[in-house]
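Structures given as structure tokens follow.
Across the two complexes that follow, chain A remains constant while its partner is chain B and subsequently chain C.
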Partner chain A sequence: MTDETTARTSAASRRPPARAIKGLSDRAVGWIFVAPTIFLLLAINIFPLIWTIRLSLTNYRANRTTAEVSWVGLRNYERILTDPDIWNAMQATAHFVIWTLVLQVLIGFTLAYLINKKFKGNDLWTTIIVLPMMLSPAVVGNFWTFLYQPQIGLFNYFVGFLTGADPSSFSMIGDVALAPWAIVIVDTWMWTPFVMLICLAGLRSIPDSIYEAAECDRASKWRQFWTITIPMALPFLMLAVLFRGIENFKMFDLVVQLTGGGPGSVTELTSINLKREAFEKWRTGYASAYAVILFVTVFGLASIYVKALNKVKER
Partner chain B sequence: MSFSVTQPTSRQKWFAGILVIGYALLTILPLLWIIATGFKSPSDAIAYPPKVVFEPTLEGYVNLFTTRTRLSPEALSEAGAPQTWYDRIVRQYGMVISGPSRYGERFLNSVIIGFGSTFLSIFLGTLAAYGFSRFRVPLKDDLMFFILSTRMMPPIAVAIPIFLMFRQLGLSDTHLGMILLYTAVNLSLSVWLLKGFIDEIPIEYEEAALIDGYTRFQAFYKVVLPQAATGIASTAIFCLIFSWNEYAFAVLLTSGTAQTAPPFIPTIIGVGKDWPAVAAGATLFLVPVMVFTVLLRKHLLRGITFGAVRK
Partner chain C sequence: MAEVRLSGLSKMFGTTAALDNIDLTVPDGSFVVLLGPTGAGKTTILRMVSGLDTPDNGDVYIGGKPMAGLTPAQRDVTMVFQQYSLYPHMNVRQNLEFPLKSPLLRTPQAEIDRKVNEVAEILQISHKLDNKATALSGGEMQRVSIGRALVRNPSVYLMDEPLSSLDAKLRSDLRIELKNIQANSGATLIYVTHDQVEAMTMATHVGVLDHGRLVQFGTPRQIYEDPVSIYAASRLGQPRINVVPADLFGGAPTAARSIGLRPEHILQGEGEDSTVNRVEHLGDQTRLHLDYKGHDLITVTDPHTELQRGDRLPIRPNNPLYFDASGARLA
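Now for the complex of A and B:
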């Protein structure tokens, strides 16, 4: 192999330093590299998005391809924004997003803080904690229905063991009051390690010298925590919140398999609600408008948040 | 080792260690429980209180891979003695194996679509990442942001027109359709991660190669690619895991020939509430990912943040 390389290099070195490709500027070569990706994304992301916007202005139904399609203008949007079902879905989503973020940030940061104490074997335990995060959410949701079974479920047994309650007296996914918490618990179990990993990177990025200086100034540990640790880890924490916020706003697979949106519609998050409209009721035009509203919401919230994040980073 | 005020005391280490290990054990428990349930008999699986010690059996796995029919005792005795160990397991319940189940096919679909889309997204992603890293591409920042923003769309929102588009093009429920779709979804990850990895390779190597008379493309695959190999490998594993886990598109766009395992596994339960078979199916599907996660642990952080945090 080495011989081959040297042979080629020496053969090549006899030629004068070559330009990239005859007649092609660097800029053109750059485009050749980038173009296939952009093309595929335009075909599978942007084209469908434009199509969605177009459909959202019609009363098209994908299960009746022969029916006449007419323009309805902004009527779909108007109906969505005044539909109480959709506001319920929005509230369920808000409950889910806010509580998962609160719990994951608290537990994730605490774990990262503890792991950063560098006790023996912390690498091994970190790897174990991280495992749930990489698994298929749909399959995870499915097997948690087993753990949540009244009486036979491990979760119910565990809670019964700790609190003395009868394990068959409550059903996490069958009870209207408990189901919204059932999905929060599973998501927290699954994604806390994500927040933890990012926080750990943040904590490890703080140079020891800052703490040493604070120690010289006789700042208490408590004060050091609030004036050094938290502000310096904050950009990382905010990044974790951004990722989890977007992902949980879009949440579909885990919750569909866990509760299917039930009981009733208490855990029917916007994505599940949207799927019902689009692929069960087949109100394609209406669902397209719904999709556009969701996309604009995520995109808008994320942009505002990124601006805030950049400000924190600049400090 | 010199004394440092920033070093935690050994008592702090003990305290932190015990809390973290406690959390780790709690978090791993559901996973161990699923793996164990796969080796239980149906009655052990639903026993109360939950059985920690049980007699392991492969019933769940046999039920996972086969379809069975119940026979009358006369028909059973006519069928002769059971030939294999799995026949024997099924006979206990007065049944015979009537054929393979769909699980094998669905698992194979996951493998084909997973590897196909990973290969494509790495191929396109590496090219694009190199282009963005080394050339003055017009509107570079906007394009990079555009690529990332494709990840923000809720899958269900894009699924409507893709469903219609695939129906028109005859791509519904085909491997090719799913490979293209997963490639498009994975590109944001692969371009962002790979650009980070390529940015870290000093440009001087390529300049030296160009002076030696290499063309741009030669410099790319003889100098840059070998240097980026580790980065490409870990990006590939992330893409593979994503395609492997994906559910929303799979459940909406596939039903038969190209259906992957995630939409299929929940249907294993059937009317008989066969939890061991479900657990067996989940175990076979999840364990490979756990192994990959352990292998990837050094690059995990970078992968999950699209290269935003590099440690």
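Now for the complex of A and C:
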């Protein structure tokens, strides 16, 4: 047994095993291992992207496969960029993304800051706060329609209780002015915990000894917050903004469940709008151009942002 | 500028007594070195004085005023941390400026620059001022951390092994600089080190700690020549004091269990024979490892000694230190 082992070991050390696979070089073996991944990436991401760009230059309709397809050049893009409905959807999306980010970062960071103070039961509080995030967006959308009910909704009752207004005098979902805020509130309720968790990771990454040094250097709590806590947690905060920003740019499920894009189309975000064009009106070529525009927008914004994020990290 | 007094200071961490009823008066303007093996409670004392930690019992007085409940800022102390604790997102200059940039002080920028450059010069880190604090060697970080304390003029400096990561040359340079700064400013300095040379050359007073208790406090000479116990005697002196059973040589007092022999307590050329085991040439001193009746003794000798391994050397004790069974010194 020992002899055998020694014999095998010495045989192995004489010849590197990677090169031994039927005369293939290391590089070839490497390619074989990554090939499935590359193939999948091409099949699922790159090919559809290219196909979409191709379709966006045509008047193709997916529900009329027999109809003749003709090239229309950039006409789809032209029409989209001059379509007031689409600009409305863009505005609704911007309103939604900006306000959810502002609220989630402010509330999430504050919660993380409080939870990070060493007090009894902060683990329990973390768990409780994180609960909404674990629910399905469809479920959340659904039960918030009940909370927003003017007659029996808890939300309306609560607002009424605080402000003295009549709970049934307003409808968060039915009112053109309130509906955009209704979706902001629900998304904030659901995803602030996520921002809090990331901020908490950032705050926990700052060692106590740094604060002790600052304490000895006579920095007030206020100054410690601005010169130590914020700069050191900033990369985490920016990461949270990136995640939430991209997620909310393509928000669909929650809002569809909650308002279905209404009333009218005030909460019809771009992704809902896009889905209508593509799969209700079946204007496939037009919708493809729409998708490309959205893709370029998100991709461009995210790239600029990631550059900034890297700069902050390097500091 | 300020006397530091600890009275009945105790601190428990779980079941370990990090500090056990410490009474200690650090005279105004003195340079006190705390000695003790790892875990003896040295850092804990500094944290109590600085106000980063609160004692379970006892009080800290600085300049005669009780410090209970006061923050480090209010105590006018500054601390060099054992683990440096630099601000990682700032560069070296910003780290050094930080203590001066307090909005309350309103130090003019020109004054800040002057101070920072002066301190960087002393610590030999001027060429690193624009480096990020994380892009430094261990010794450079340590010097930035000293610098952060030196830019201010507090009434008490606390330094936790500030020179431990530096090379021998830099260490001896900075020893002199620190001693000068302390002497010129007249501030009180409490200093933790494991380095005997630092203790002997810089200290006006030495405190010896053992498991959270202060076993002796006095001048370095007092601790060296007149230690209260084997433990205290072992803290200072190179080579270390030799401890052998009392009956090895004649003439010990009856209560004595062991004899402590420093090199100067061993007379060479008289008495009974020992065997030379090893001769170590260390440059500034030459050490002899002797075997005397089966006991190892280390002493020093003339740098140009002709002695070699295996040679015979008669020795006898000369005014040695006697200790009882518990290790306490016999007068």
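Everything that follows uses one rule, which is that the second predicted complex is superposed on the first by the 283 of 315 C-alpha atoms of A that agree within 3 Å, B and C clash if a C-alpha of one lies under 4 Å from a C-alpha of the other, contacts with A are read in each partner's own complex, and residues count from 1 in each chain.
Keep this in mind: contacts are C-beta pairs under 8 Å (C-beta built on N, C-alpha and C of every residue); 3 or more make two chains touch, one makes a residue touch a chain.
Computed from a prediction, not measured in an experiment: that's the story for all the values here.
K.L.:
Looking at the overlay, what does A:A94 touch: chain B (first), chain C (second), both, or neither?
P.N.:
neither
K.L.:
Chain B or chain C: which reaches more residues on chain A?
P.N.:
After superposition, B is the partner touching more of chain A.
K.L.:
Would you sort A:V34 into first (chain B), second (chain C), both or neither based on which partner it touches?
P.N.:
So A:V34 only meets chain B here.
K.L.:
Which partner does A:K117 reach: the first (chain B), the second (chain C), both, or neither?
P.N.:
first
K.L.:
After lining up the shared chain so the two structures overlap, which partner does A:V296 touch, if you call chain B first and chain C second: first, second, both or neither?
P.N.:
neither
K.L.:
Considering only the touch criterion stated at the top, classify A:D253 as touching first (chain B), second (chain C), both, or neither.
P.N.:
In the superposition, A:D253 touches chain B alone.
K.L.:
Classify the contacts of A:A213 with the two partner chains as first (chain B alone), second (chain C alone), both, or neither.
P.N.:
The second partner, chain C, only.
K.L.:
A:L106 in the overlay: touching chain B, chain C, both, or neither? Say first, second, both or neither.
P.N.:
A:L106 sits against neither chain B nor chain C.
K.L.:
Where does A:I228 make contact in the superposed view: on chain B (first), on chain C (second), on both, or on neither?
P.N.:
Second partner only, chain C.
K.L.:
Which chain A residues come up in both lists, the one for chain B and the one for chain C?
P.N.:
Residues common to the chain A contacts of chain C and of chain B are 212, 215, listed in rising order.
K.L.:
Could you list, by residue number, the parts of chain A that touch chain B in their complex?
P.N.:
Going by the criterion above, the answer is residues 9, 12-18, 20-21, 26-27, 29-34, 36-38, 40-41, 43-45, 47-49, 51-52, 55, 62, 107, 111, 114-115, 117-123, 125-139, 142-144, 146-147, 149, 151-152, 154, 157, 167, 189, 193-194, 197-198, 200-201, 204, 208, 211-212, 215, 236, 239, 243, 246, 249-250, 252-253, 256-257, 270-271, 274-275, 278-279, 284, 287-288, 291-292, 294-295, 298-299, 302.
K.L.:
Which part of chain B faces chain A closely enough to touch in the complex?
P.N.:
4-6, 8, 12-14, 16-17, 19-21, 23-24, 27-31, 33-34, 37, 45-50, 124-125, 127-128, 130-132, 134-138, 143, 146-147, 149-150, 152-165, 180-181, 183-184, 187, 191, 210-217, 241, 244-248, 251-252, 261-263, 265-266, 275, 278-279, 282, 285-286, 289-290, 292-294, 297, 300-301, 304-305, 308-309, 311
K.L.:
Please output the residues of chain C touching chain A within their complex, sorted ascending.
P.N.:
Touching chain A: residues 50, 52, 71-73, 77-79, 81, 83, 85-89, 98-99, 102-104, 132, 148 of chain C.
K.L.:
If you look only at chain A, which of its residues touch chain C in the complex?
P.N.:
Interface residues on the chain A side: 207, 209-210, 212-220, 223, 227-228, 231-232, 315.
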